[in-house]
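Next up: the structures, one after another.
After this come two complexes, each holding subunit A, first together with subunit B and then together with subunit C.
Let's turn to the complex of A and B:
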């Protein structure tokens, strides 16, 4: 006992009593790191402005419902777009420079299919009812999109559809092997369950249009382009000459037209390709005749590739001159063309090559060289040279739609193919969204406010718009800066092959209208989404927290919220450099 | 990154480590792996300062500050005292810089591991005497500028291979680790903690101040040291069983050298020569591990 006491008396052991936390080392700092989410290139490339980086992050986490809802905030038709969209997002994916792009469209389709299979009900924000009603003409992608977003913004809307089923071009213009009817009807059913009203079999005539103007607060025209553009050559119209759009519509109505022998399909757009591939499925042979070259074709490249795989023949640089019926056959006379220099829009300029004409003997000719509006009043007012007008009348020419209001009357807004330069499904959806935003702003703050309000909702540099930003969601905090590949810390990523999309065999494809692309498993989807860099957004990887030499990354209880403790942060910048996805920024410290 | 480690911090903010200090990052990871039941022996090194001036401490575990050359001996004593108290649970770790390990503390270290004392000796290697003003050590790499190898007299001798020196003692566990590879580092610390006897960890810890690099590049450069084979990640059990933990992407060493002010004077011919030295070392390591390039 005594020894112990004496030990204590004689052995002096220095004991610390306080931590170093009394030194506020934040005063050393001259650079200031901060959390700052930025914009991913894919999301600005998406016409619908989908928050793709976040969608992929949620898929990786297995949060399929939340990922699906994130799409629905910007695009009401993921099941459709996951199949028929030409996915420009993948063309701008930063991962392309590393190995290959993320299969964004496959992910989108996976989410839509999963939600449909589980009959998931989305839980989305809806603004309080505004007490205004909007009539929508046409239930194609533009009309459905306008109705969905107007619904979100608190408007009542009613869609008028001339055909017996909703969907417009999606229902009657796109073949079933690209978009099965059940997929579309599932999407339409969900829209209806969320409050979108569709009146099928009600065609809107010019006089009915006038009535709608008086009984609704606004009218949206999204009735599309359905009239086939004629070739204006001898023999058309005539025996054996059919129009492509009507042919596709007949197929979707259940008809099985006889296409034995060889059919010539004139045109280079998606309709021409759809017609050719349908002919093959009905047992016929298809020759696509195009006046330019393959690289000039407006059809999506993957579609052209598939058509050729399935046995369609492509004959380039041939311009139709005349069609003559001989017996039950047709003689299609074409002029050979050649490329000489460039034309105004940068495509090769096509001129006639010599005077020799070529005769092609076929059983029938399908004309699919483009479409126009069915009625003259469907067309938006031509853009006045003065541009927008805001006096007694309002004429607003927006990127995807045209808004017209005569003398304080009912606002009319034109969208979809009627106004879009790029006429495709996702651009139509974008126009419906823009129309909803424009109408809401018009009603709330007047026509003068529309442009400014819309430009505040751009994704990155635009022209894609975000409804989440419009509704003041968390995405509003994102900086418009688009993350480049050089800003990704690729040390945190490994080379991994892109998912291989399972598809039907060629033989299976050419013998039925079954969907070509098959489903992928949840496991595969999560792995594919895990390849995503998640450019510009925080996915809680914790690198900032782990590598902080000064222990000043504070995390919330649920480990999602992160803050920098500026009392101690010395501004070394490690967190910013080690952030794999540029969700942080290092800036100069403000002078005090 | 998900780490199999404590969420609790055993290191405090407010320490006086330089911005971007690799040695503090190494400390955080090691403490997360070891947990609270740890006694740390600190011979003279940067961390003697970072751990705080009396009565402050930046560490929430007991620390014994000790003389430069005594890391191995003091740890042996602490272990013996704990054993006498019947405490087999507490881990004893010596946390020394390269000066206290490669040079001044080598005798005590060699003695302790020769006796196979049950402790971890962790050397955080910043490749010079940084705390006293960047003097060269036997850990300073070939080609480096320091305040004692200036101008044309840059260091023209190789870095001592400390892991091989320890492996020669046939200790149960010796490993290299790097702050840019936290999963690997934490796994190795946990493994060392579970093994009885002497364990040696050689932890690469970049030094923005002494290496003349921007503070935010500290981890990037540490990672490149591994990617270029300059600092391979491997472990050796019982002095014979080699395992290489990371097969690099074969980056060229010049990528690593050109980012650092301390190597700015090197010419292309010097870099070619260094590349050869690195290739040679890597081939030797592969041979020891019984692997092929």
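Let's turn to the complex of A and C:
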């Protein structure tokens, strides 16, 4: 301790040059804070495992290209998914408990549209060539995804597409008002420019399939479900009875069929809804006939809502019994159903209500009650046959695809609708990614290694997988722990309304196939992304730095890296408490 | 240039002219107008300063202690509960010898919640080592704020410029606002006696043993004594440029007065009106305005009161269990003067109640008719209240 007499009058002041640096107060610590990034619930809910918390953070910084590239690491089709994905991410958004979820799908579409408008080229890591070739059957979301990720992992692949244009269901099964052709063709063109090869107009027959097995190192089957499932009732097939998938395909091929009068659409899935909405756009009336209730419909709720807004009629609890052609009309006979208890899936059990039948007179009937594989050999071997291995052949039943390798033969991997329980675009993309990872592991380390390797790449609790983790990207360090709403320090957030995506007027929607949802501005996107809690990841907000009473948060030169000075950190835990997004953890100090 | 200014804005103009570099404040009525307009000055670039928003008055003073230690001129304004919350750090600021300047708007302390004029808030801080100046009008508060920086930086002590709530803070008066170059001539840039410097690191205010503490305190006492002398020199220099002078005390018609009424703040102006009322009627009455309260101008007070037969102190404050605080100070100042006059203490105008010429006149005649004080403190103007419940 020193005291000095100042030269100034009456200014005897205590001061010292003795530093307290030798007093390493870190030795007092029994709790240890650390930076530990965790998993956001949205990313684990995303079938493609997109790093949504980070994507939103990048948008708030105006780093649109980096945000878009972050999507592309997990999903090659953001323009498509920003439009047609059912966005389960938003359903698990922690912000829902605060006000409303982040409009994640709107942000995804914004990024894709911005990149397309600027013809941005992504700069993504790619592993060195492995010298192996994979044949991919079908250029739908599963096939495109498999090709993209195999390409990333260093494989040559070729997609065989029966139709004259790529896209599969995206091109021929989803109406233009949900997914304009240019959006898809833009995405496909980008994949091609990145090295994905697509051979259109080349249908793969059973015999061609055998040839592919010999000339490629592996074959991916992602040719989807295109055969309409029949109702198996009298009058089908028959006059005035059409199948929903064929109808949608004709529309995408440019046909404008006459649908004047009333059309019955049988089914409760997305195809049924798409058919009904297309009929309305062509000037007809549509009545959706469903044997269960609206809440049981597998179609996305927002799509059902839109269909009803546009004038589609929904008649629930009616099961078709027969269809009879009378002149140019059809009489659809239906049985009234009712709910009685629960079935095995926990849905309401549907039983017949009385014996009386109802006759509905319509001009035509569209059957859209589901689809199945076109050829028997498209189907993966049934799981009941074996476990993972038998008779020296490999049968791996993974969450999104099935890998089969008969006794040293060429590995065959089935994906997309052929294997997915939930049959939709994003799950198909997930299966393509899983197939690429599984094949790579198979080639590199053998079949026994596949399950373990894939389970190390789960996002949070899974089943979604991360290619970034597979390729040892930054997300590898992130803890699987999923951040809960209770772990967010909501003191740092304010209520803010969710972005409202502008849409065409009902009158405009019902008279054209123009895309319904309109663009949003960059400012709007940044504001919406700014609502994101960024659960579990550090966005350099510096609360830790500001609150640390011991000046123990050390920042790197570029202000992006932060470290804790454990020589002096007393383990008070303020930094962890004040972290708004749970990107820090307080644990017990290890005992020496 | 003459402008019609609110008292609060006169303070703000002075702060701007003093080229203050860091302002920190937390709003509280009736002070808010001061920092409100300062934040406007900073935002619009009318003033180049850093404005720190803080979550309490305690943090505000802590922030200024840090800022001033790094060698910049600082300012804050507060009132009542806000000043009370700063208390701990008021001691720190003076102990650390930092010439921070504060505007303090006299407001009553709660409960009951009262935002009106009362001096107890600032007088309760008399032992914190801050200089205190009680101002009478808008011009004086502007001039005193500029002078306070000069004086504080000479003696290395913090200063409180005190103004009455509403009677001064919210009243518009013509005020001569000096030109910047004039103020620059009077108030040179701040040259700190010591600063925290990362190139030559040391820490200030470490643990001090009994070996050194008393000497440090003694130096504060010496600095306070010095301030009394320096005050006159600062006023002298100020008068040379601006031709205005106030004095540590102002004795008005005291030379031949039998009874001198001691006042502070805006009540002095009421006292001036009282003189206009009573002097023509042949009453030998004077008024002693006390502007400088810390350091207390003992000699000047003794001189002014030496000829009086009776001294009346009107206090708009009260020290419970004792008396009006100005009365205490005046008694202490003259008690060692042989044959000093008796001191009549009156308590008036607490919590914003008006002190009128009529009230002062009643006090005067009460004193004139009494040979000795009936009580230490006589509360005037009390009304009948229902104490039943």
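The rule is simple: the second predicted complex is superposed on the first by the 572 of 592 C-alpha atoms of A that agree within 3 Å, B and C clash if a C-alpha of one lies under 4 Å from a C-alpha of the other, contacts with A are read in each partner's own complex, and residues count from 1 in each chain.
Note that a contact is a pair of C-beta atoms (placed from the backbone, for glycine too) under 8 Å apart; a residue touches a chain by one contact, two chains touch by 3 or more.
Here the structure is a predicted model, which means the values were calculated and not measured.
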Tell me the contact category for A:568 with respect to subunit B and subunit C: first, second, both or neither. first
Spot which of subunit B and subunit C makes contact with more residues of subunit A, would you? B
If you stack the two complexes on chain A, which partner ends up touching A:547: first (subunit B), second (subunit C), both, or neither? first
Contact-wise, after the overlay, does A:24 reach subunit B, subunit C, both or neither (first, second, both, neither)? first
Which of subunit B and subunit C A:193 touches, first, second, both or neither: neither
Per the contact definition in the header, classify A:12: touching subunit B only (first), subunit C only (second), both, or neither. second
Common interface residues of subunit A - those touching subunit B in one complex and subunit C in the other: 14-20
Counting only contacts in the complex, subunit B reaches subunit A at residues 1-3, 9, 11-17, 19-22, 24-25, 28, 52, 54-58, 60, 179, 182, 208, 214-220, 223, 227
Subunit C partner contacts - residues on subunit A that touch it in the complex: 1, 3, 6, 8-20
Note which residues of subunit C are touching subunit A in the complex, please. 96-97, 155-156, 193-194, 201-209, 212, 215-216, 218-220, 222-223, 226
In the complex, subunit A residues that touch subunit B: 14-25, 28, 491, 541-543, 546-552, 565, 567-568, 570-574, 576-578, 586
